[in-house]
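Note that subunit A is present in both complexes that follow, paired respectively with subunit B and with subunit C.
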Partner chain A sequence: MENNIKVVAFVCNWCTYAGADLTGTSRIKYSSDVKIVRFPCTGRIDFMLLMKAFAEGADGIIVSGCHPNDCHYTSGNFHARRRWIVFKSVLETFGIDTRRIQFSWVSAAEGAKWAEIVNTTVERIKELGPYTEYRELAGVEAP
Partner chain B sequence: MKRLHQIVSELLASGKAKLVIGYEKGTGEKRRPAFISDANEVERLVFDSQCSHNLSVYLTKPEYKHVTEIAVFATPQTMRAVVRLAGENQFQDKKLSFIVMDQDQNALLIEGAEVLANHLGKEKIALSSAQEELLAKFEAMSREERFAYWKEQLSNCVKCYACRAACPMCYCTRCTVEVNQPQWISVPSSLQGNFEYHIMRAMHMAGRCVDCGSCEAACPLGLPLNIITRRMIKDIEASLGPDIVSMDTKSVLNTFQPNDKENFIR
Partner chain C sequence: MARIGVFICHCGENIGGTVDCNKVAKSAESFDGVVFSTDYKYMCSDPGQTLIKQAIAEHKLTGVVVGACSPRMHEPTFRKTCSEAGVNGYMCEMANLREHCSWVHEKGEATTNKATDLVRMLVGKVKNNKPLSPIKVPVSKTALVIGGGIAGIQTSLDIANAGHKVVLIEKQPSIGGHMSQLSETFPTLDCSQCILTPRMVEVAQHPNIELITYAELESLDGFIGNFKARIRKKAKSIDEKLCTGCGMCTTKCPTKKIPGEFNEKLGNRTAIYVPFPQAVPNKPVIDKNNCTYYQKGKCRICEKFCPTQAIRFDQPDEIVERSIGAVVVATGFEVKGTDFFPEYGYGKYADVITGLQFERLASASGPTLGEIRRPSDGKIPEKIVFLACAGSRDPAKGIKYCSKICCMYTAKHAMLYKHKVHHGDAYVFYMDIRAAGKMYDEFTRRAIEEDEVKYIRGRVSRIYEKNGKLIVKGADTLLGAMPVEVEADMVVLATASVAHNDAADLAQKLHVSYDENNFFVEAHPKLKPVETNTAGIFLAGACQSPRDIPETVAMASGAASKILGLFSQNELTREPVVAVVNRAAPPLFSTCAGCFMCQSVCPYQAIEKEEIKNRAGETIKTVAKVNPGLCQGCGTCVAFCRSKSIDIQGFSNEQMVEEVFALLNND
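Presenting the complex of A and B:
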């Protein structure tokens, strides 16, 4: 059962998704515990999607997109970066485990970096175990 | 109080205001919002240190959308909210006047949000000592303790959305909590929905919150909502620069700097 964790990766179409593709074509092996969801841009990744992922069974989340200055839409990742800074602070206020969210920049040429990010994140989530602490909230009657 | 009634009477008589949103005596020592459009009712109005409601919240309500000329009694909290709302282009079709109290407790008439922005001081809203104490206690908590703290607090939340209704910055006509395709906030009375709601509210307030404390004051269950907004403002100021309430500062999430600093993105 130790392997039974789910990591969801929210990635942008132009950089990280292409980077993950490169990881595959380069035949670099990486953990199969990650489920990749493709978005047009990191700017499109609403924080509520991350909350929903935790609620629906994700134990860890990776959010990844183009490096700053490399956004296909010029500024999507700059906006995303600010949103992540604020989101992380809000999550810390509420005591949500931010070690379970990995933010990263992975370009289309960084296949090896993608494998490394996924592997280290999956490793960390395995150590932390399933995120039942948050999922159990759904069963607690309030008020 | 005479001067106050005189100003309001003149506003109503000249047609500069069709509606005056002010305060009147409520239960006991409390003050409650008063809505006056008839000059004969001016005597009801009071404006003193007991007045605490942030009246700017009514300016964006659908009930007053059709009224163009409105005069509002403005406390420092109300002023901050009005200036930020004006910066978000919420009053483009309105002709607003404001009645404020100067240092000597004399009523003063200010016409237009631009003039009010100049009148607005730079000082922040102070917390009560009990709130400061709670915030300090909260800051010292570990992650697990914070989670346990909110589990306990939010288990009381009935999602009545009074915090949303009282918030001057919450003016969307369609709110995420009412969207059910997809269902962002779970509807059953569970702790998870309460966490989702309060996290969402915080994120939608990011860089926009004027720290007026209306949400906490409105909460029928006395949840310490100021902790959420105050901590967020502090963190934003630490990482993205000072939180300035003015007509032309964009909210932090509406803009960016290419060299924004963080230390957690790999």
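Presenting the complex of A and C:
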């Protein structure tokens, strides 16, 4: 199971989901270890869900949405960015490895960038290995 | 208890070639809640949809997961299928097995496993889906058209002729756009102004069109059918009602040497000016940056001579608001500056000009009244060189895409030159001749064969001046890259067409996507070329990518027909993806504590305060309430709510948690 890592991508519907669709249409290959969950907007993403995902067995997480100023809903990505800045410092205080969370902007036209982000994130998570520490900490049995 | 059906589509070889669809369907049978699972070659086809309907009836399904292409492609199709079979459309979800799986991974077990996981995730989500019904909203049947070039003119006339109101805004003092600058058009060589100006006049006189020139979009709020546009009318410094357009002011203005935009700086204009004689509206504006009065506080000569006292130096910019149902973006293109090609000497040598400048030289209304005379000394050039692809298809220095129109207009320019200067020599340096289009290839052949324009396949490395001649050094790649040198009197660069420098700003105001070149992005490159990803906003013309006049007009009419389809309804149905605040039995009423954090983050002002009162009419509790007409379903409030009292339909906390957990608990 060591090589089989689980990366969950939380993406917005309008930019990154569409960008990942473009990656597909352009037939650009990337690692199959990542699975995409579609949200309406990065502003919708409750960062506690990230912690729940780690507790349930995620080894790495990507959060990706529209570039600043390009949000379909005007400001959702700014809220997500602000939340991430605060959340990251909280996680670091708790000693949680923030290298396991990749925060990025991928527009609907950036199919190649999406593949690149997935591949570099998966590579980094593989180096870090399964996130058993947090699962144990969260009182969940490591698979 | 949920009874879920799973339907895996092969999409021909698109999914089936990489993913073992049969195995995915077999694995799905064991998922909690799944009572039926199958695979089929083309699920979106009629037999495929029938298969879903039959399964719904036979197995009494309450939810459906279709593992196929992107939900952005076929979600509406399958939701409709479900509702036709008696299952609420919002009980159907799609697992993206094509764009997010089979097309991006190699064939193998890992890919099939990922497909299984994706289906498992959506099964988890569907278990928590709730039946929803679409929201109805009224439609303001007025279209906003941004840009008054040929695209905007065509769209406006099409919509207005069908009986709907149009607000057409144009940044410049006159409508007409680039087309009004052209001399003749390919491939027919008919005069651009002769076919355009009657349409410009029609726009100005149309009872259904409100034309606002010298204006820009300030902001656009709202959503399809219910936009609010704020438009900045820049101060023209004249009272348009009093001005008769007599032209006295422009003849008297003492500042006469401002390089005119319409003539691409080959001619001069005054500070109070009408851009060109056929301008619509034919009334002047004062260019504040060049007017002596605005700059130095003295002059007012135009005011003195104006017979109707129409000059208003103190006129402020005005913001007007309009209720809009749909928007067409028709802002066109810009010609890329030539300063990134110093070796061609544009700006250094007066006789190296751009294609658009050549149009003005060749135009009967231009600075030379249609005679081809070079800018430096007014002589007729005996030898002229045209450079196609000046910047286009040049990822190293220019832009990487093909500007599409240059091959044709370069052939046209060479022909116009030969028709006017019979004894002259015309050379064209080109990379390829791209003349796809009705009568297009015939046109370029005519330039080569009948008008004897000398086409040289190769690029130009340098242009420099020697003894009053422009030496064009290039290579002929059809002769083994043999060096070629032409002593020319004038050089015309077919410069790349690019997006406006403020295109990204406009895209951000409109919330539409734009690509790496700042062109606006259509909803689907093949099937939705005039739509954007933002409902109610459409594209026409060269703001989406470089295109010629026939294509622009076709696209403009296409956008108009989409809007007419929209305006044929009195009410629109909207996706019920909106936020809701929970309600509970008294004495709690709702878990909402009334902190109104949600209100402060809502970009749409969709959150209101609701007072819960007792029988005596006293307020017991104040809670948040979402106005579903205003809510656009971004869900920012959901992530902010501390007591988890607000949730979004279609992407609820339960649904998202289940979707993620289903993936993680697959062992």
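Convention: the second predicted complex is superposed on the first by the 135 of 143 C-alpha atoms of A that agree within 3 Å, B and C clash if a C-alpha of one lies under 4 Å from a C-alpha of the other, contacts with A are read in each partner's own complex, and residues count from 1 in each chain.
Heads up, the rule we're going with is that contacts are C-beta pairs under 8 Å (C-beta built on N, C-alpha and C of every residue); 3 or more make two chains touch, one makes a residue touch a chain.
Just so you know, these numbers come straight off a predicted model, no measurement behind them.
Judged by the touch definition given at the top, the superposed model places A:94 against subunit B, while subunit C stays out of reach. By the touch criterion stated above, A:20 is placed in contact with subunit C alone, subunit B being left untouched.
With both structures placed on the common chain, the touch criterion links A:138 to subunit B but leaves subunit C unconnected. With both structures placed on the common chain, the touch criterion links A:83 to subunit B and to subunit C. In the superposition on chain A, A:103 makes contact with subunit B only, not with subunit C. Once chain A of one complex is fitted onto chain A of the other, the partner contacts of A:39 are limited to subunit C, with no touch recorded for subunit B. Once the two complexes are overlaid on the shared chain, A:70 sits against subunit C while remaining clear of subunit B.
In the superposed model, A:56 lies in contact with subunit C only, and not with subunit B. In the superposition on chain A, subunit A positions 47, 52, 69, 75, 79, 83, 143 are in contact with subunit B in one complex as well as with subunit C in the other. Every residue of subunit A that touches subunit C in the complex is listed here, in rising order: 6, 8, 13-15, 17-18, 20-21, 23-25, 27-30, 32, 35-41, 43-47, 49, 52-53, 56-58, 69-76, 79-80, 83, 107-110, 115, 143. Interface residues of subunit C, counted against subunit A in their complex, comprise 70-72, 96, 98-101, 103-106, 110-111, 113-114, 117-118, 121, 507-508, 511, 513-516, 521, 533-534, 577, 601, 603-604, 632-636, 638-640, 648, 650-651, 653, 656-657, 659-661, 663-665, 667.
By the touch criterion given at the top, residues 47-48, 51-52, 55, 68-69, 75, 78-79, 81-98, 102-105, 117, 133-135, 137-143 of subunit A touch subunit B in their complex. Residue ranges on subunit B touching subunit A, taken from their complex, read 141, 143-151, 154-158, 176, 182, 184, 186, 189-196, 198-200, 202-203, 206-207, 227-228, 231-232, 235-236, 239-240, 252-253, 256-258, 260, 262, 264-266.
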